[in-house]
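One structure coming up, written as structure tokens, with questions to follow.
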Amino acid sequence: MTILTPNPNPPFNITRLSHIVLTSRDLDKTRYFYETGLGFEVTEQDSERLCLRAIEENSHHSLIFEKTTSDGPGLCRHIGYRMFSDEDIKAAHDYFNARGETASFVERPNQGLTLRLNDGVGVPIEFCATMDQDTCRMQKFHTHAGGKLAFLDHIQIACHDVAGAYTWYNDLGFRLSEYTAKDGTDEMWGVWLKRKNNTQDVVFGNGPGPRLHHFAYHTPEIANVIHAADVMASLGLADSMDRAPGRHGIGNAFFLYFRDPDGNRIELFTSHYNVIDIDHAPKRWELSDTRRSQLWGFPAPKKWFFEATEFETVVVKKPVMEATPVTLEDFLKNW
Amino acid sequence: MTILTPNPNPPFNITRLSHIVLTSRDLDKTRYFYETGLGFEVTEQDSERLCLRAIEENSHHSLIFEKTTSDGPGLCRHIGYRMFSDEDIKAAHDYFNARGETASFVERPNQGLTLRLNDGVGVPIEFCATMDQDTCRMQKFHTHAGGKLAFLDHIQIACHDVAGAYTWYNDLGFRLSEYTAKDGTDEMWGVWLKRKNNTQDVVFGNGPGPRLHHFAYHTPEIANVIHAADVMASLGLADSMDRAPGRHGIGNAFFLYFRDPDGNRIELFTSHYNVIDIDHAPKRWELSDTRRSQLWGFPAPKKWFFEATEFETVVVKKPVMEATPVTLEDFLKNW
Amino acid sequence: MTILTPNPNPPFNITRLSHIVLTSRDLDKTRYFYETGLGFEVTEQDSERLCLRAIEENSHHSLIFEKTTSDGPGLCRHIGYRMFSDEDIKAAHDYFNARGETASFVERPNQGLTLRLNDGVGVPIEFCATMDQDTCRMQKFHTHAGGKLAFLDHIQIACHDVAGAYTWYNDLGFRLSEYTAKDGTDEMWGVWLKRKNNTQDVVFGNGPGPRLHHFAYHTPEIANVIHAADVMASLGLADSMDRAPGRHGIGNAFFLYFRDPDGNRIELFTSHYNVIDIDHAPKRWELSDTRRSQLWGFPAPKKWFFEATEFETVVVKKPVMEATPVTLEDFLKNW
Amino acid sequence: MTILTPNPNPPFNITRLSHIVLTSRDLDKTRYFYETGLGFEVTEQDSERLCLRAIEENSHHSLIFEKTTSDGPGLCRHIGYRMFSDEDIKAAHDYFNARGETASFVERPNQGLTLRLNDGVGVPIEFCATMDQDTCRMQKFHTHAGGKLAFLDHIQIACHDVAGAYTWYNDLGFRLSEYTAKDGTDEMWGVWLKRKNNTQDVVFGNGPGPRLHHFAYHTPEIANVIHAADVMASLGLADSMDRAPGRHGIGNAFFLYFRDPDGNRIELFTSHYNVIDIDHAPKRWELSDTRRSQLWGFPAPKKWFFEATEFETVVVKKPVMEATPVTLEDFLKNW
């Protein structure tokens, strides 16, 4: 598929990625990982729910864990996006239902009007425009800890149908900032899609899906990323790292990845860039060019490529494209 | 004046601050200051014009100096804003002229369709949607130098009529992120206005105006700001600093200010934050609260408060509000 | 006076600056400043004494506050230096007493054999070789806070007789790394003297003295110094800053100064360098060259130059040299 | 073997590691790697020799490459240490020869009196006290580039007889700061030995030897280490990395390793700590505790453990101890 013409007049105004809702087998363990370890603020916890947010976030939550009695790994219940106003939410309700996609209003604590549906590739998503507001910790510098995470930036979805996802989100006004294509072809392996001013709110990468590969929080300094690693190590959580620090070619992020107690993957990163202008062309990377995943350092290990969080009750499908990543394990054989 | 209702449906889509055009008595001296000192990239220079941009900028210029034969201090020829598309530019042309404001198309090298007018308080501004594009230096890390400046972020205008400026820009969809008001009143001393996702594209602060108080470039790390100071010192340019590093309460910026060879003031800063959501309320600061200008450290000296770059051919007017800042000189008398 | 020949075979082995003992009117207030604010570890506190140390220090204390009932500003009770072994302490006892300087053994909690005397310019100093040891917080990264201070590095003494101090310490094997002299003369305004491998353990600068001008802790990153300022501000302690961040020409330190609740001055800094080799010549600075105090930025205000902590029961004398520093107040008059 | 009693009165005063002399097949390629890439200063180059130093070094060289016509990998010609004075060098000459170890004076350009011998395990070492001095680039901030390396800090030797090396250096006054021993035994796998004030000048680790495993330069900030990786990548030298960034438990260094064009390994690191006091006990690590090599992240790959630079004309011997490291390849099998 070729690059789509961006939609300059989407039917409603989605502004950004908003929040993620996951299951947890043990909310206290989850809290230790995110609050004590990574430095998140707990805005609410009871026996059923743990709400978290980062340093620059005034909204009630960007990350929610809901208690599960299941023994299995964590599941994602939905991805939350923000629209600009309730008028946008209502317009979206009508738009989706008119297209034959079932979109229904749901009640969510601490949020205003909220609309739920599945996106074009089956990911459960919810839209709201407002959320309970409270002054963030940005200027309470003495409370900054762990990775000093500033805000939820993006998610990555392992996806069986990247082209389908791209088309669905493009119609809603998401814009392509960078992409990976099979060498010399138009077949898209991965798309970096954005509504807010930087490179991505959501990434779809080829693989069995839909599954939540990771969610990513931004921190303003390289040393904060490394300090997070140091802190996790001194708290006995070093084993939760599943990819060592490095620099992605795509998006230019200096990154580090952890797995939480339920196996969900979180990326801490710094250094994205702005994509605003109409003449800012999407940047192409060949699939065989490993610099898109790391400008330097070793490839990610197999687990990083193949393990991800399933969406609750959503069936995982085989990917359209056959493509095998170069894993750390493969790389070392020839090194 | 009270806080205005933001305009969710502006008549055209201004996306961000784009560029600044200033005069220079000696382009080589100017180049030494910006390129050798602060680390800007020169995209073009001839005997009449010097075009500069920062590390993450793909567009041809965010800063232009035009040779002047005048002996006086630097003048600002105009402020450039970006709109999303040429359709927006055309709509703006019709909109302003219908309102009785003279807006005319002008030819500018390296830019697409460009519209020029004076804003509601007399600042000469120009809008374009496209500009020559070329891959930036973001991933040519070996070329990063000086303050490692990433992108032009905002300008501040000393303004005789802050309320007038606020109204004019609010109509065009600019949104208020923070503001300073006379203690306990609704009289606005300063407004932080934004189109892109962070806190400000343009600030209007009470004072004789309109004059360009400073323009500001973002750098991603605190140590980059300090390294810029060190580099300027080792190049013999230490005297060009006119405010030592500190942390603004408003906008949370860690800042440093220099004056270029023509007296224009540039701010290097890091750490702004996102303002996107409809329920993100503007943050109020009382005029008497010096923490808005510095969370710690000393006040700025008189020069910083009272000296600024005039706009060519624009008459400077006395401010509507009487308000005297606490200068470093005043502060030291009672310390 | 000319530069003295360093003494390669001192009569005993002083290894480094060790600790400082000061008075406090309110130990809880002092603890809030140093522990909550700057991030020090409290190793002991009772109603009479507060013992503190920094992140990389295994020894029991590098900073002690003793409760005073006096209403006046803080006093320094003594400066502690470390010798390599108890044999060195004993040799020092004999050496000083043979020279007619009264040196006596004293009992100090948590320390081994300790010797007390006044140095050549009247500063009460104590030597010990051992102190209670306990694993430091270096690899407990989750406990690092405030300025992330690593270790006590040096002190600066305002001194009526810099030449006398230099001679006294040179005899004991202290070596000159940098110095300031009256322009074009051999008259020393200040001497940077060292035993450990970097530039200074103790500095003597011309002024009414002896008085403790400041003590300085090292932190490994520029951003840590700035974070300390941010933290102090968010804790309501911003007013305790008495010199904004800057870069000293002498010693190359990136610095920041605070005054504690009793008025004692502490410097947080990063970036010293090694002085080890015999052919590493002392670096000379002319007194009139303000770059020795700041490579960039404004001069320090009057208070920084003229206020200091007196040594308990030690009479302050008029300095030998007449020299007036350029204060911030002076600087601004001509700027 | 148990921990040896340090020698407080060594027969002469070795002060620090000084320099390393290696062969290069192509001095221009070597220069590109070290000067353009890592940011070293070239103090001299002709067709036969390339002399390099780091930002804070006043001495003529800390790293020398000598042209070789050999096709093989780089060889180390000798390790240079500094003594305090020529008197120390002369005393060493007599001391070693009296012990039956052949120590001879040699002529070296840009150095004073120089003594050469093989250490107790066969490493060719040279001692000098003086070297040509010239002001370093510390305060020429605009010249700082690449990894902003400050000074040569230490070397690590793969050694067939760690106990023998420890004994030999302990006699000369080197002190043990940390060590690794076979679990629950006194058998030393590795010793961290120091003369200067921090944790190590030379490390001996069990393995076929003697071979130079790596030499290490200090840089003051974490972001500098990462910037070096970024710069190497943008210069096309990313493949020269042979261990991704991480934190050593031993010595607390945040590290990154590269291999130069001749295969020699260089470590860039930050964050060591002081070891000065007599009661600062050596820190023990069990051989099976992988945290000594990395507090977090993956183990080093096989190459890092098994490849090293041979010393010219020195026969490599099988190690006394049998011990197999956990390599990245091994780790991944069970992960």
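Labels A, B, C and D are assigned to the chains in the order they are written; within every chain, residues are numbered from 1.
Criterion: a contact is a pair of C-beta atoms (placed from the backbone, for glycine too) under 8 Å apart; a residue touches a chain by one contact, two chains touch by 3 or more.
Computed from a predicted structure; not experimentally measured.
Shared residue numbers account for over half of those found at the interface formed by chain C and chain D, and the copies are therefore classed as meeting with the same residues. Note on interfaces B-D and A-D: more C-beta pairs are in contact across A-D. Look at where the CA atoms of chain B average out and do the same for chain D: the two points lie 49 Å apart. Per-chain Cα centroids separate chain C from chain D by 33 Å. Note on chain placement: the centre of chain A and the centre of chain D lie 43 Å apart, centres being C-alpha means.
Multi-chain contact residues of chain D (touching two or more other chains): 139, 221-223, 230, 233-234, 295. Residue ranges of chain A in contact with chain C, taken from their complex: 36-37, 139-146, 221, 223, 227, 230-231, 233-235.
The touching residues of chain A, counted against chain D in their complex, run 221-223, 226, 229-230, 232-234, 238, 241, 244-247, 254, 291, 295-298, 301-303, 328-329, 332, 335. By the touch criterion given at the top, residues 8, 15-16, 56, 58-59, 82, 84-85, 129-131, 133, 138-139, 150-151, 196-198, 220-222, 249, 252, 270-271, 273-274, 276-281, 295 of chain A touch chain B in their complex.
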